[in-house]
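Same chain, two partners: chain A is paired with chain B first, then with chain C.
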Partner chain A sequence: MNVFVIVGKDDNPIYQAAFISQPKGSTELCHLHQFLIHAALDCTDEQVWTTNSLFLRAVDFFHEMHTSAYVTPGHCRFMMLHDQPKIEDNLKNFFLEAHELYLKVILNPFYEPNTPITSPAFDAKIRALGKKYLS
Partner chain B sequence: MIGRSERMCSAACLELMHAEMVSYFLSARETRESAQKEMERLGFRVGQKLAERYTKDYGRITEPMEVLRFIFSDFWPVVFSKPPDSLTTNNNSLYYIEDTDFRWTSKISVTSRTTLEDASYFLTFPCGIVKGAFAALDVDADVKADFQETPSRCLFTIIFKGKAIPTR
Partner chain C sequence: MESRLLRRPVGTILERNVATKSKAEVNLHAFSLLFGSYMEYTLRRFPDQQNIERRLDETGYRLGPRILELVSFRERANRQLKIQPMLNFISTTIWRNLFGKSASLLKFPRGTWGIRDSEPLTNKYISPNLGGAAFIGGIIRGILCAANFECTVACHQIAPEKG
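Take a look at the complex of A and B:
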(Lines of atoms letter the chains of each structure in order from A and count residues from 1; the text may use other names and numbers.)
(Lines give C-alpha, C1' and ligand atoms only; values in the text may rest on other atoms or scores of the structure.)
Protein backbone atom coordinates (compact mmCIF):
# COMPACT_ATOMS: atom_id res chain seq x y z
CA MET A 1 0.00 0.00 0.00
CA ASN A 2 1.56 3.26 -1.12
CA VAL A 3 -0.02 6.68 -1.31
CA PHE A 4 1.77 9.45 -3.19
CA VAL A 5 0.75 13.07 -2.67
CA ILE A 6 2.27 16.24 -4.07
CA VAL A 7 1.78 19.16 -1.70
CA GLY A 8 2.27 22.74 -2.83
CA LYS A 9 3.72 25.73 -1.02
CA ASP A 10 0.49 26.61 0.79
CA ASP A 11 0.09 23.06 2.09
CA ASN A 12 -2.52 22.43 -0.57
CA PRO A 13 -2.58 18.99 -2.19
CA ILE A 14 -1.79 19.28 -5.87
CA TYR A 15 -1.84 15.67 -6.90
CA GLN A 16 -2.69 12.36 -5.31
CA ALA A 17 -2.19 8.77 -6.41
CA ALA A 18 -2.80 5.62 -4.43
CA PHE A 19 -0.94 2.45 -5.33
CA ILE A 20 -2.92 -0.12 -3.41
CA SER A 21 -2.30 -3.76 -4.18
CA GLN A 22 -5.09 -5.23 -2.09
CA PRO A 23 -8.73 -4.49 -2.87
CA LYS A 24 -9.98 -1.08 -1.81
CA GLY A 25 -10.68 -0.77 1.87
CA SER A 26 -13.27 1.52 3.32
CA THR A 27 -13.19 5.24 2.66
CA GLU A 28 -12.03 5.68 6.23
CA LEU A 29 -8.66 4.30 5.23
CA CYS A 30 -8.36 6.94 2.50
CA HIS A 31 -9.09 9.68 5.01
CA LEU A 32 -6.56 8.20 7.40
CA HIS A 33 -3.91 8.18 4.70
CA GLN A 34 -4.53 11.82 3.84
CA PHE A 35 -4.51 12.75 7.50
CA LEU A 36 -1.20 10.97 8.12
CA ILE A 37 0.44 12.62 5.16
CA HIS A 38 -0.67 16.07 6.21
CA ALA A 39 0.42 15.42 9.75
CA ALA A 40 3.85 14.54 8.40
CA LEU A 41 4.16 17.93 6.70
CA ASP A 42 5.30 19.58 9.94
CA CYS A 43 8.01 16.99 10.44
CA THR A 44 9.07 17.50 6.85
CA ASP A 45 9.36 21.24 7.30
CA GLU A 46 11.58 20.71 10.31
CA GLN A 47 13.88 18.30 8.56
CA VAL A 48 14.14 20.20 5.30
CA TRP A 49 16.78 22.65 6.51
CA THR A 50 18.96 20.03 8.14
CA THR A 51 20.25 18.49 4.95
CA ASN A 52 21.39 19.51 1.49
CA SER A 53 19.83 16.49 -0.13
CA LEU A 54 16.39 16.79 -1.67
CA PHE A 55 15.37 13.33 -0.50
CA LEU A 56 14.40 13.11 3.16
CA ARG A 57 14.12 9.58 4.32
CA ALA A 58 11.36 8.56 6.69
CA VAL A 59 10.08 11.75 8.24
CA ASP A 60 7.27 10.26 10.25
CA PHE A 61 6.14 6.92 11.54
CA PHE A 62 2.71 5.89 12.74
CA HIS A 63 1.30 2.45 13.30
CA GLU A 64 3.67 0.68 10.91
CA MET A 65 3.13 3.24 8.17
CA HIS A 66 6.12 5.32 7.21
CA THR A 67 6.04 8.65 5.46
CA SER A 68 8.96 9.63 3.28
CA ALA A 69 9.39 13.00 1.69
CA TYR A 70 11.24 14.65 -1.17
CA VAL A 71 11.26 18.43 -1.24
CA THR A 72 12.13 20.33 -4.43
CA PRO A 73 14.28 23.47 -4.22
CA GLY A 74 11.11 25.44 -4.90
CA HIS A 75 9.61 23.93 -1.74
CA CYS A 76 7.08 21.65 -3.35
CA ARG A 77 6.78 18.48 -1.28
CA PHE A 78 6.40 14.97 -2.64
CA MET A 79 5.12 12.71 0.13
CA MET A 80 4.90 8.96 0.07
CA LEU A 81 3.03 6.94 2.66
CA HIS A 82 4.15 3.32 2.63
CA ASP A 83 4.31 0.32 4.87
CA GLN A 84 7.55 -1.30 3.76
CA PRO A 85 10.58 0.28 5.36
CA LYS A 86 13.07 -1.35 3.02
CA ILE A 87 12.33 0.26 -0.32
CA GLU A 88 14.30 3.47 0.29
CA ASP A 89 16.39 3.23 -2.89
CA ASN A 90 13.41 2.54 -5.07
CA LEU A 91 11.64 5.44 -3.41
CA LYS A 92 14.52 7.76 -4.18
CA ASN A 93 14.46 6.79 -7.85
CA PHE A 94 10.70 7.14 -7.92
CA PHE A 95 10.93 10.63 -6.46
CA LEU A 96 13.68 11.67 -8.87
CA GLU A 97 11.65 10.64 -11.89
CA ALA A 98 8.48 12.14 -10.43
CA HIS A 99 10.43 15.39 -10.02
CA GLU A 100 11.33 15.36 -13.71
CA LEU A 101 7.68 14.78 -14.65
CA TYR A 102 6.63 17.56 -12.31
CA LEU A 103 9.11 19.94 -13.95
CA LYS A 104 7.63 19.13 -17.33
CA VAL A 105 4.18 20.02 -15.98
CA ILE A 106 5.50 23.29 -14.55
CA LEU A 107 7.08 24.28 -17.83
CA ASN A 108 3.68 24.01 -19.50
CA PRO A 109 2.63 27.66 -19.99
CA PHE A 110 -1.00 26.78 -19.42
CA TYR A 111 -0.32 25.37 -15.99
CA GLU A 112 -0.54 27.76 -13.07
CA PRO A 113 1.95 26.72 -10.37
CA ASN A 114 0.43 25.59 -7.06
CA THR A 115 -2.84 24.47 -8.65
CA PRO A 116 -4.06 20.87 -8.92
CA ILE A 117 -2.44 18.82 -11.67
CA THR A 118 -5.19 17.37 -13.82
CA SER A 119 -3.21 16.14 -16.81
CA PRO A 120 -4.14 12.51 -17.56
CA ALA A 121 -0.74 11.98 -19.18
CA PHE A 122 0.98 12.95 -15.94
CA ASP A 123 -1.31 10.62 -14.02
CA ALA A 124 -0.58 7.72 -16.38
CA LYS A 125 3.18 8.26 -16.14
CA ILE A 126 3.13 8.43 -12.35
CA ARG A 127 1.17 5.20 -12.20
CA ALA A 128 3.68 3.58 -14.56
CA LEU A 129 6.49 4.77 -12.27
CA GLY A 130 4.63 3.34 -9.32
CA LYS A 131 4.38 -0.03 -10.98
CA LYS A 132 8.05 0.10 -11.91
CA TYR A 133 9.50 1.07 -8.55
CA LEU A 134 6.97 0.21 -5.91
CA SER A 135 5.73 -3.29 -6.52
CA MET B 1 18.73 17.49 -18.86
CA ILE B 2 15.05 17.51 -19.61
CA GLY B 3 14.23 16.19 -23.04
CA ARG B 4 16.28 13.91 -25.19
CA SER B 5 18.88 16.40 -26.36
CA GLU B 6 19.79 19.95 -25.53
CA ARG B 7 17.32 22.16 -27.32
CA MET B 8 18.39 25.65 -28.23
CA CYS B 9 16.34 28.69 -29.01
CA SER B 10 17.40 31.12 -31.69
CA ALA B 11 18.72 34.26 -30.04
CA ALA B 12 17.42 36.44 -32.84
CA CYS B 13 13.94 34.93 -32.41
CA LEU B 14 14.00 35.68 -28.71
CA GLU B 15 15.16 39.27 -29.19
CA LEU B 16 12.57 39.97 -31.86
CA MET B 17 9.78 38.44 -29.84
CA HIS B 18 10.83 40.40 -26.77
CA ALA B 19 10.84 43.61 -28.81
CA GLU B 20 7.37 42.83 -30.11
CA MET B 21 6.17 42.10 -26.60
CA VAL B 22 7.43 45.44 -25.29
CA SER B 23 5.88 47.24 -28.22
CA TYR B 24 2.57 45.40 -27.74
CA PHE B 25 2.29 46.17 -24.04
CA LEU B 26 3.24 49.82 -24.43
CA SER B 27 0.53 50.26 -27.03
CA ALA B 28 -2.14 48.02 -25.54
CA ARG B 29 -2.09 49.31 -22.00
CA GLU B 30 -3.36 52.76 -21.04
CA THR B 31 -0.45 53.82 -18.92
CA ARG B 32 3.23 53.00 -19.12
CA GLU B 33 3.17 51.90 -15.47
CA SER B 34 0.51 49.28 -16.09
CA ALA B 35 2.44 48.02 -19.12
CA GLN B 36 5.56 47.71 -16.98
CA LYS B 37 3.65 45.94 -14.21
CA GLU B 38 2.21 43.48 -16.69
CA MET B 39 5.60 42.72 -18.23
CA GLU B 40 7.16 42.29 -14.81
CA ARG B 41 4.37 39.93 -13.82
CA LEU B 42 4.95 37.86 -16.93
CA GLY B 43 8.68 37.79 -16.27
CA PHE B 44 7.95 36.78 -12.68
CA ARG B 45 6.02 33.71 -13.75
CA VAL B 46 8.67 32.75 -16.29
CA GLY B 47 11.42 33.24 -13.72
CA GLN B 48 9.64 31.03 -11.19
CA LYS B 49 9.36 28.19 -13.65
CA LEU B 50 12.92 28.57 -14.94
CA ALA B 51 14.32 28.56 -11.41
CA GLU B 52 12.44 25.36 -10.60
CA ARG B 53 13.81 23.81 -13.72
CA TYR B 54 17.44 24.84 -13.26
CA THR B 55 17.66 23.94 -9.59
CA LYS B 56 16.68 20.39 -10.33
CA ASP B 57 20.04 18.80 -9.55
CA TYR B 58 21.27 21.55 -7.29
CA GLY B 59 20.31 20.21 -3.88
CA ARG B 60 18.78 22.23 -1.12
CA ILE B 61 19.61 25.96 -1.02
CA THR B 62 19.31 27.11 2.57
CA GLU B 63 20.72 30.64 2.62
CA PRO B 64 19.65 33.73 0.64
CA MET B 65 23.33 34.29 -0.16
CA GLU B 66 23.44 30.87 -1.76
CA VAL B 67 20.39 31.78 -3.79
CA LEU B 68 22.18 34.92 -4.93
CA ARG B 69 25.24 32.85 -5.83
CA PHE B 70 23.06 30.43 -7.77
CA ILE B 71 21.40 33.28 -9.67
CA PHE B 72 24.77 34.87 -10.43
CA SER B 73 26.76 31.83 -11.51
CA ASP B 74 24.25 29.24 -12.73
CA PHE B 75 20.97 30.90 -13.58
CA TRP B 76 22.20 34.02 -15.36
CA PRO B 77 24.49 32.35 -17.94
CA VAL B 78 21.77 29.94 -18.98
CA VAL B 79 18.95 32.47 -19.22
CA PHE B 80 20.86 35.47 -20.55
CA SER B 81 23.42 33.55 -22.65
CA LYS B 82 26.51 34.73 -20.82
CA PRO B 83 27.69 35.04 -17.23
CA PRO B 84 27.35 38.48 -15.65
CA ASP B 85 30.45 40.55 -15.06
CA SER B 86 30.43 41.61 -11.46
CA LEU B 87 28.56 41.32 -8.22
CA THR B 88 28.95 44.11 -5.69
CA THR B 89 27.14 45.20 -2.60
CA ASN B 90 26.71 48.22 -0.43
CA ASN B 91 26.75 45.92 2.61
CA ASN B 92 23.22 46.89 3.49
CA SER B 93 20.92 44.45 1.68
CA LEU B 94 21.57 46.06 -1.73
CA TYR B 95 23.37 43.96 -4.31
CA TYR B 96 24.39 45.00 -7.81
CA ILE B 97 24.87 42.65 -10.72
CA GLU B 98 26.57 44.30 -13.63
CA ASP B 99 26.47 42.95 -17.14
CA THR B 100 28.60 44.91 -19.59
CA ASP B 101 27.19 43.20 -22.64
CA PHE B 102 23.59 42.32 -21.86
CA ARG B 103 22.50 40.31 -24.89
CA TRP B 104 18.82 41.17 -24.68
CA THR B 105 19.40 44.90 -25.06
CA SER B 106 22.82 45.29 -26.66
CA LYS B 107 21.38 45.80 -30.14
CA ILE B 108 19.16 48.72 -29.21
CA SER B 109 20.32 51.92 -30.83
CA VAL B 110 19.84 55.15 -28.97
CA THR B 111 19.22 58.28 -31.00
CA SER B 112 17.93 61.73 -30.23
CA ARG B 113 14.35 60.47 -30.70
CA THR B 114 14.60 57.20 -28.77
CA THR B 115 16.28 57.79 -25.47
CA LEU B 116 17.75 55.44 -22.91
CA GLU B 117 14.64 55.99 -20.88
CA ASP B 118 12.49 54.57 -23.67
CA ALA B 119 14.85 51.64 -23.93
CA SER B 120 14.53 50.95 -20.21
CA TYR B 121 11.19 49.23 -20.88
CA PHE B 122 13.24 46.43 -22.38
CA LEU B 123 14.66 45.66 -18.96
CA THR B 124 11.34 45.11 -17.22
CA PHE B 125 10.83 41.55 -18.41
CA PRO B 126 14.39 40.42 -17.47
CA CYS B 127 13.94 42.05 -14.06
CA GLY B 128 10.74 40.09 -13.64
CA ILE B 129 12.55 36.88 -14.54
CA VAL B 130 15.22 37.43 -11.87
CA LYS B 131 12.62 38.46 -9.31
CA GLY B 132 10.57 35.34 -10.06
CA ALA B 133 13.65 33.17 -9.73
CA PHE B 134 14.33 34.61 -6.27
CA ALA B 135 10.71 34.14 -5.27
CA ALA B 136 10.67 30.50 -6.38
CA LEU B 137 13.60 29.91 -4.03
CA ASP B 138 11.82 31.62 -1.12
CA VAL B 139 13.74 34.90 -1.17
CA ASP B 140 11.72 38.10 -1.20
CA ALA B 141 13.72 40.49 -3.35
CA ASP B 142 12.98 43.46 -5.55
CA VAL B 143 14.91 43.74 -8.80
CA LYS B 144 15.42 46.95 -10.73
CA ALA B 145 17.69 47.64 -13.66
CA ASP B 146 19.27 50.64 -15.30
CA PHE B 147 21.48 51.30 -18.25
CA GLN B 148 24.97 52.62 -17.65
CA GLU B 149 25.46 55.04 -20.54
CA THR B 150 24.84 52.51 -23.33
CA PRO B 151 22.17 49.85 -23.87
CA SER B 152 24.81 47.14 -23.57
CA ARG B 153 25.82 47.93 -20.03
CA CYS B 154 23.18 47.10 -17.48
CA LEU B 155 23.22 47.34 -13.75
CA PHE B 156 20.67 45.18 -11.93
CA THR B 157 19.93 46.23 -8.39
CA ILE B 158 18.67 43.54 -6.05
CA ILE B 159 17.01 44.73 -2.87
CA PHE B 160 16.50 42.06 -0.26
CA LYS B 161 13.35 42.86 1.64
CA GLY B 162 12.93 41.94 5.27
CA LYS B 163 15.92 42.04 7.55
CA ALA B 164 18.91 44.15 6.62
CA ILE B 165 21.29 41.20 6.53
CA PRO B 166 19.51 38.31 4.90
CA THR B 167 19.48 35.25 7.12
CA ARG B 168 17.05 32.34 7.00
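Take a look at the complex of A and C:
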Protein backbone atom coordinates (compact mmCIF):
# COMPACT_ATOMS: atom_id res chain seq x y z
CA MET A 1 0.00 0.00 0.00
CA ASN A 2 1.53 3.30 -1.09
CA VAL A 3 0.00 6.74 -1.48
CA PHE A 4 1.91 9.41 -3.41
CA VAL A 5 0.97 13.09 -3.18
CA ILE A 6 2.60 16.20 -4.64
CA VAL A 7 1.97 19.30 -2.54
CA GLY A 8 2.65 22.69 -4.08
CA LYS A 9 4.42 25.64 -2.55
CA ASP A 10 1.15 27.15 -1.26
CA ASP A 11 0.22 23.93 0.60
CA ASN A 12 -2.25 22.89 -2.06
CA PRO A 13 -2.31 19.31 -3.35
CA ILE A 14 -1.45 19.27 -7.04
CA TYR A 15 -1.31 15.55 -7.74
CA GLN A 16 -2.30 12.34 -5.99
CA ALA A 17 -1.93 8.67 -6.80
CA ALA A 18 -2.56 5.59 -4.71
CA PHE A 19 -0.79 2.33 -5.42
CA ILE A 20 -2.87 -0.25 -3.61
CA SER A 21 -2.19 -3.90 -4.37
CA GLN A 22 -5.64 -5.27 -3.62
CA PRO A 23 -8.68 -3.03 -3.36
CA LYS A 24 -9.63 -4.08 0.15
CA GLY A 25 -9.16 -0.62 1.67
CA SER A 26 -12.42 1.01 2.61
CA THR A 27 -13.04 4.71 2.06
CA GLU A 28 -12.40 5.27 5.75
CA LEU A 29 -8.82 4.13 5.26
CA CYS A 30 -8.41 6.56 2.38
CA HIS A 31 -9.35 9.39 4.71
CA LEU A 32 -6.81 8.15 7.22
CA HIS A 33 -4.09 8.21 4.53
CA GLN A 34 -4.91 11.78 3.63
CA PHE A 35 -4.88 12.73 7.28
CA LEU A 36 -1.48 11.12 7.86
CA ILE A 37 0.06 12.89 4.88
CA HIS A 38 -1.40 16.16 6.09
CA ALA A 39 0.15 15.61 9.50
CA ALA A 40 3.52 14.77 7.96
CA LEU A 41 3.56 18.09 6.11
CA ASP A 42 4.27 19.91 9.37
CA CYS A 43 7.22 17.62 10.10
CA THR A 44 8.49 18.18 6.57
CA ASP A 45 8.33 21.94 6.97
CA GLU A 46 10.42 21.66 10.12
CA GLN A 47 13.05 19.39 8.58
CA VAL A 48 13.33 21.25 5.30
CA TRP A 49 15.52 23.93 6.83
CA THR A 50 17.82 21.54 8.66
CA THR A 51 19.30 19.76 5.66
CA ASN A 52 19.99 20.76 2.09
CA SER A 53 19.49 17.34 0.55
CA LEU A 54 16.32 16.93 -1.47
CA PHE A 55 15.34 13.53 -0.06
CA LEU A 56 14.31 13.80 3.60
CA ARG A 57 13.75 10.05 4.24
CA ALA A 58 10.98 9.15 6.68
CA VAL A 59 9.67 12.30 8.30
CA ASP A 60 6.73 10.92 10.25
CA PHE A 61 5.52 7.62 11.69
CA PHE A 62 2.10 6.37 12.73
CA HIS A 63 2.01 2.76 13.87
CA GLU A 64 3.16 0.81 10.83
CA MET A 65 2.80 3.72 8.44
CA HIS A 66 5.79 5.77 7.37
CA THR A 67 5.72 9.00 5.46
CA SER A 68 8.77 9.89 3.39
CA ALA A 69 9.27 13.29 1.82
CA TYR A 70 11.26 14.82 -1.00
CA VAL A 71 11.43 18.59 -1.42
CA THR A 72 12.51 20.18 -4.70
CA PRO A 73 14.63 23.36 -4.79
CA GLY A 74 11.43 25.27 -5.59
CA HIS A 75 9.84 23.95 -2.39
CA CYS A 76 7.39 21.60 -4.00
CA ARG A 77 6.87 18.62 -1.69
CA PHE A 78 6.58 15.01 -2.80
CA MET A 79 5.08 12.88 -0.03
CA MET A 80 4.88 9.09 0.02
CA LEU A 81 2.92 7.15 2.59
CA HIS A 82 4.04 3.52 2.81
CA ASP A 83 4.25 0.59 5.21
CA GLN A 84 7.57 -0.94 4.14
CA PRO A 85 10.44 0.68 6.05
CA LYS A 86 13.06 -1.12 3.94
CA ILE A 87 12.32 0.50 0.60
CA GLU A 88 14.17 3.79 1.20
CA ASP A 89 16.56 3.25 -1.73
CA ASN A 90 13.73 2.40 -4.09
CA LEU A 91 11.84 5.42 -2.83
CA LYS A 92 14.79 7.68 -3.53
CA ASN A 93 14.94 6.49 -7.14
CA PHE A 94 11.18 6.82 -7.43
CA PHE A 95 11.32 10.41 -6.19
CA LEU A 96 14.22 11.27 -8.50
CA GLU A 97 12.36 10.05 -11.56
CA ALA A 98 9.14 11.68 -10.40
CA HIS A 99 11.09 14.91 -9.98
CA GLU A 100 12.22 14.76 -13.59
CA LEU A 101 8.64 14.19 -14.75
CA TYR A 102 7.43 17.07 -12.59
CA LEU A 103 10.17 19.26 -14.06
CA LYS A 104 8.96 18.51 -17.58
CA VAL A 105 5.41 19.41 -16.59
CA ILE A 106 6.33 22.77 -15.07
CA LEU A 107 8.49 23.66 -18.07
CA ASN A 108 5.32 23.62 -20.13
CA PRO A 109 4.47 27.32 -20.62
CA PHE A 110 0.76 26.52 -20.59
CA TYR A 111 0.98 24.98 -17.14
CA GLU A 112 0.41 27.46 -14.32
CA PRO A 113 2.71 26.58 -11.38
CA ASN A 114 1.00 25.31 -8.22
CA THR A 115 -2.16 24.21 -10.02
CA PRO A 116 -3.33 20.57 -10.19
CA ILE A 117 -1.56 18.42 -12.77
CA THR A 118 -4.31 16.86 -14.86
CA SER A 119 -2.15 15.38 -17.63
CA PRO A 120 -3.09 11.71 -18.20
CA ALA A 121 0.40 11.09 -19.62
CA PHE A 122 1.96 12.25 -16.35
CA ASP A 123 -0.43 10.03 -14.39
CA ALA A 124 0.44 7.01 -16.52
CA LYS A 125 4.17 7.64 -16.11
CA ILE A 126 3.91 7.97 -12.33
CA ARG A 127 1.88 4.75 -12.13
CA ALA A 128 4.51 2.96 -14.23
CA LEU A 129 7.18 4.25 -11.82
CA GLY A 130 5.13 3.01 -8.89
CA LYS A 131 4.98 -0.46 -10.45
CA LYS A 132 8.70 -0.41 -11.17
CA TYR A 133 9.95 0.63 -7.75
CA LEU A 134 7.27 -0.04 -5.18
CA SER A 135 5.70 -3.39 -5.91
CA MET B 1 15.40 20.27 -45.15
CA GLU B 2 11.69 20.14 -45.73
CA SER B 3 11.32 16.74 -44.17
CA ARG B 4 13.23 17.97 -41.14
CA LEU B 5 10.88 20.87 -40.77
CA LEU B 6 7.85 18.67 -41.10
CA ARG B 7 9.04 16.05 -38.67
CA ARG B 8 7.09 16.34 -35.46
CA PRO B 9 8.58 15.36 -32.12
CA VAL B 10 7.40 11.90 -31.15
CA GLY B 11 5.36 11.42 -28.00
CA THR B 12 4.48 13.87 -25.27
CA ILE B 13 6.75 16.40 -23.59
CA LEU B 14 7.32 13.79 -20.90
CA GLU B 15 9.41 11.79 -23.37
CA ARG B 16 11.83 14.63 -24.00
CA ASN B 17 15.21 14.78 -22.36
CA VAL B 18 15.70 17.82 -20.15
CA ALA B 19 18.22 16.51 -17.66
CA THR B 20 21.27 17.20 -19.81
CA LYS B 21 22.02 20.62 -21.15
CA SER B 22 21.60 20.91 -24.88
CA LYS B 23 24.52 22.44 -26.74
CA ALA B 24 22.30 24.52 -28.96
CA GLU B 25 22.03 28.09 -27.77
CA VAL B 26 19.33 30.54 -28.66
CA ASN B 27 20.56 33.05 -31.19
CA LEU B 28 21.12 36.43 -29.56
CA HIS B 29 19.54 38.27 -32.47
CA ALA B 30 16.45 36.08 -32.38
CA PHE B 31 16.11 36.66 -28.66
CA SER B 32 16.61 40.39 -29.07
CA LEU B 33 14.02 40.57 -31.82
CA LEU B 34 11.45 38.67 -29.78
CA PHE B 35 12.19 40.59 -26.61
CA GLY B 36 12.19 43.89 -28.51
CA SER B 37 8.81 43.10 -30.06
CA TYR B 38 7.43 42.19 -26.67
CA MET B 39 8.65 45.49 -25.24
CA GLU B 40 7.25 47.43 -28.17
CA TYR B 41 3.90 45.74 -27.71
CA THR B 42 3.90 46.48 -23.99
CA LEU B 43 4.96 50.06 -24.61
CA ARG B 44 2.14 50.57 -27.05
CA ARG B 45 -0.41 49.30 -24.56
CA PHE B 46 1.10 50.89 -21.45
CA PRO B 47 3.04 54.00 -22.46
CA ASP B 48 3.99 54.75 -18.87
CA GLN B 49 7.59 53.82 -17.93
CA GLN B 50 6.69 52.34 -14.53
CA ASN B 51 4.02 50.17 -16.06
CA ILE B 52 6.34 48.61 -18.59
CA GLU B 53 8.86 47.79 -15.89
CA ARG B 54 6.13 46.17 -13.82
CA ARG B 55 4.93 44.12 -16.79
CA LEU B 56 8.46 42.95 -17.58
CA ASP B 57 9.01 42.09 -13.93
CA GLU B 58 5.84 39.99 -13.90
CA THR B 59 6.87 38.16 -17.07
CA GLY B 60 10.25 37.37 -15.52
CA TYR B 61 8.59 36.33 -12.27
CA ARG B 62 6.68 33.60 -14.06
CA LEU B 63 9.95 32.22 -15.41
CA GLY B 64 11.87 32.25 -12.12
CA PRO B 65 10.59 29.04 -10.47
CA ARG B 66 10.98 27.08 -13.70
CA ILE B 67 14.55 28.25 -14.19
CA LEU B 68 15.39 27.41 -10.57
CA GLU B 69 14.03 23.86 -10.88
CA LEU B 70 15.60 23.24 -14.27
CA VAL B 71 19.08 24.53 -13.45
CA SER B 72 19.13 22.83 -10.04
CA PHE B 73 18.15 19.53 -11.62
CA ARG B 74 20.74 19.78 -14.37
CA GLU B 75 23.54 20.78 -12.02
CA ARG B 76 22.36 18.30 -9.38
CA ALA B 77 22.35 21.16 -6.89
CA ASN B 78 20.79 20.82 -3.48
CA ARG B 79 18.33 23.16 -1.88
CA GLN B 80 19.92 26.37 -0.61
CA LEU B 81 19.15 27.21 3.00
CA LYS B 82 20.87 30.59 3.43
CA ILE B 83 20.59 33.75 1.43
CA GLN B 84 24.28 34.16 0.59
CA PRO B 85 24.83 30.73 -1.01
CA MET B 86 21.50 31.19 -2.79
CA LEU B 87 22.56 34.50 -4.34
CA ASN B 88 25.94 33.00 -5.15
CA PHE B 89 24.17 30.18 -6.95
CA ILE B 90 22.09 32.71 -8.90
CA SER B 91 24.99 34.95 -9.87
CA THR B 92 27.23 32.09 -11.00
CA THR B 93 25.41 28.87 -11.93
CA ILE B 94 22.08 30.28 -13.06
CA TRP B 95 23.72 33.27 -14.78
CA ARG B 96 26.02 30.90 -16.66
CA ASN B 97 23.06 28.79 -17.77
CA LEU B 98 21.02 31.79 -18.88
CA PHE B 99 23.60 34.17 -20.27
CA GLY B 100 26.79 32.13 -20.63
CA LYS B 101 28.79 34.21 -18.14
CA SER B 102 28.75 34.96 -14.44
CA ALA B 103 27.85 38.16 -12.65
CA SER B 104 29.47 39.65 -9.58
CA LEU B 105 27.72 39.54 -6.23
CA LEU B 106 27.92 42.68 -4.10
CA LYS B 107 27.12 43.01 -0.43
CA PHE B 108 25.60 46.20 0.90
CA PRO B 109 24.84 47.04 4.53
CA ARG B 110 21.49 46.19 6.18
CA GLY B 111 20.97 42.86 4.46
CA THR B 112 20.92 44.29 0.98
CA TRP B 113 22.61 42.49 -1.85
CA GLY B 114 23.37 43.34 -5.41
CA ILE B 115 24.12 41.37 -8.53
CA ARG B 116 26.06 43.34 -11.07
CA ASP B 117 26.13 42.47 -14.73
CA SER B 118 28.12 44.95 -16.80
CA GLU B 119 26.37 44.00 -20.03
CA PRO B 120 22.85 42.60 -19.53
CA LEU B 121 21.55 40.59 -22.44
CA THR B 122 18.24 42.44 -22.48
CA ASN B 123 19.99 45.76 -23.07
CA LYS B 124 22.36 44.69 -25.81
CA TYR B 125 20.30 45.99 -28.73
CA ILE B 126 17.58 47.79 -26.79
CA SER B 127 17.98 51.18 -25.18
CA PRO B 128 18.82 50.68 -21.47
CA ASN B 129 16.60 53.66 -20.67
CA LEU B 130 13.53 51.54 -21.38
CA GLY B 131 14.32 49.38 -18.37
CA GLY B 132 14.58 46.01 -20.09
CA ALA B 133 16.63 44.72 -17.18
CA ALA B 134 13.43 44.69 -15.11
CA PHE B 135 12.82 41.38 -16.88
CA ILE B 136 16.00 39.94 -15.33
CA GLY B 137 15.01 41.48 -12.00
CA GLY B 138 11.69 39.64 -12.26
CA ILE B 139 13.47 36.35 -12.91
CA ILE B 140 15.60 36.85 -9.79
CA ARG B 141 12.51 37.71 -7.76
CA GLY B 142 10.75 34.58 -9.05
CA ILE B 143 13.71 32.38 -8.14
CA LEU B 144 14.03 33.81 -4.63
CA CYS B 145 10.30 33.58 -3.94
CA ALA B 146 10.24 29.96 -5.15
CA ALA B 147 13.10 29.15 -2.78
CA ASN B 148 11.12 30.71 0.10
CA PHE B 149 13.26 33.81 0.57
CA GLU B 150 11.32 37.00 1.11
CA CYS B 151 12.68 39.76 -1.03
CA THR B 152 12.13 42.86 -3.06
CA VAL B 153 14.16 43.29 -6.23
CA ALA B 154 15.00 46.61 -7.81
CA CYS B 155 16.97 47.33 -10.96
CA HIS B 156 19.34 50.25 -11.04
CA GLN B 157 21.39 51.63 -13.82
CA ILE B 158 24.83 52.69 -12.74
CA ALA B 159 26.34 54.57 -15.64
CA PRO B 160 27.52 52.82 -17.71
CA GLU B 161 26.81 49.64 -15.76
CA LYS B 162 23.65 47.84 -14.73
CA GLY B 163 23.00 46.14 -11.43
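Brief remarks on what is shown
Note that in this section the second predicted complex is superposed on the first by the 134 of 135 C-alpha atoms of A that agree within 3 Å, B and C clash if a C-alpha of one lies under 4 Å from a C-alpha of the other, contacts with A are read in each partner's own complex, and residues count from 1 in each chain.
In this section, a residue touches a chain if its C-beta (ideal position, glycine included) is under 8 Å from a C-beta of that chain, and two chains touch if they have at least 3 such contacts.
No experiment lies behind these values; they were computed from the predicted model shown.
Three-chain overlay on chain A, with chain B and chain C in a clash.
In the superposition on chain A, A:P85 makes contact with neither chain B nor chain C. Contacts of A:F122 after superposition: chain C is touched, whereas chain B is not reached. In the superposed model, A:H75 lies in contact with both chain B and chain C. Greater residue coverage of chain A by touch, when chain B is weighed against chain C, goes to C.
In the superposed model, A:I106 lies in contact with both chain B and chain C.
When both complexes are overlaid on chain A, the residue A:L54 reaches chain B and chain C alike. The intersection of chain A residues touching chain B with those touching chain C, taken from the two complexes, comprises 48-49, 52-54, 71-76, 99-100, 103-104, 106-107, 113.
If you check the complex, the residues on chain B that touch chain A are 2, 45, 48-49, 51-53, 55-56, 58-62, 136-138, 168. On the chain A side of its complex with chain B, the touching residues are 48-49, 51-54, 71-76, 99-100, 103-104, 106-107, 113. The part of chain A that touches chain C in the complex is made up of residues 9, 48-49, 52-54, 71-76, 99-101, 103-108, 113, 119, 121-122, 125. Against chain A, the residues of chain C that register as touching in their complex are 12-14, 16, 18-19, 62, 65-66, 68-70, 72-73, 77-81, 146-148.
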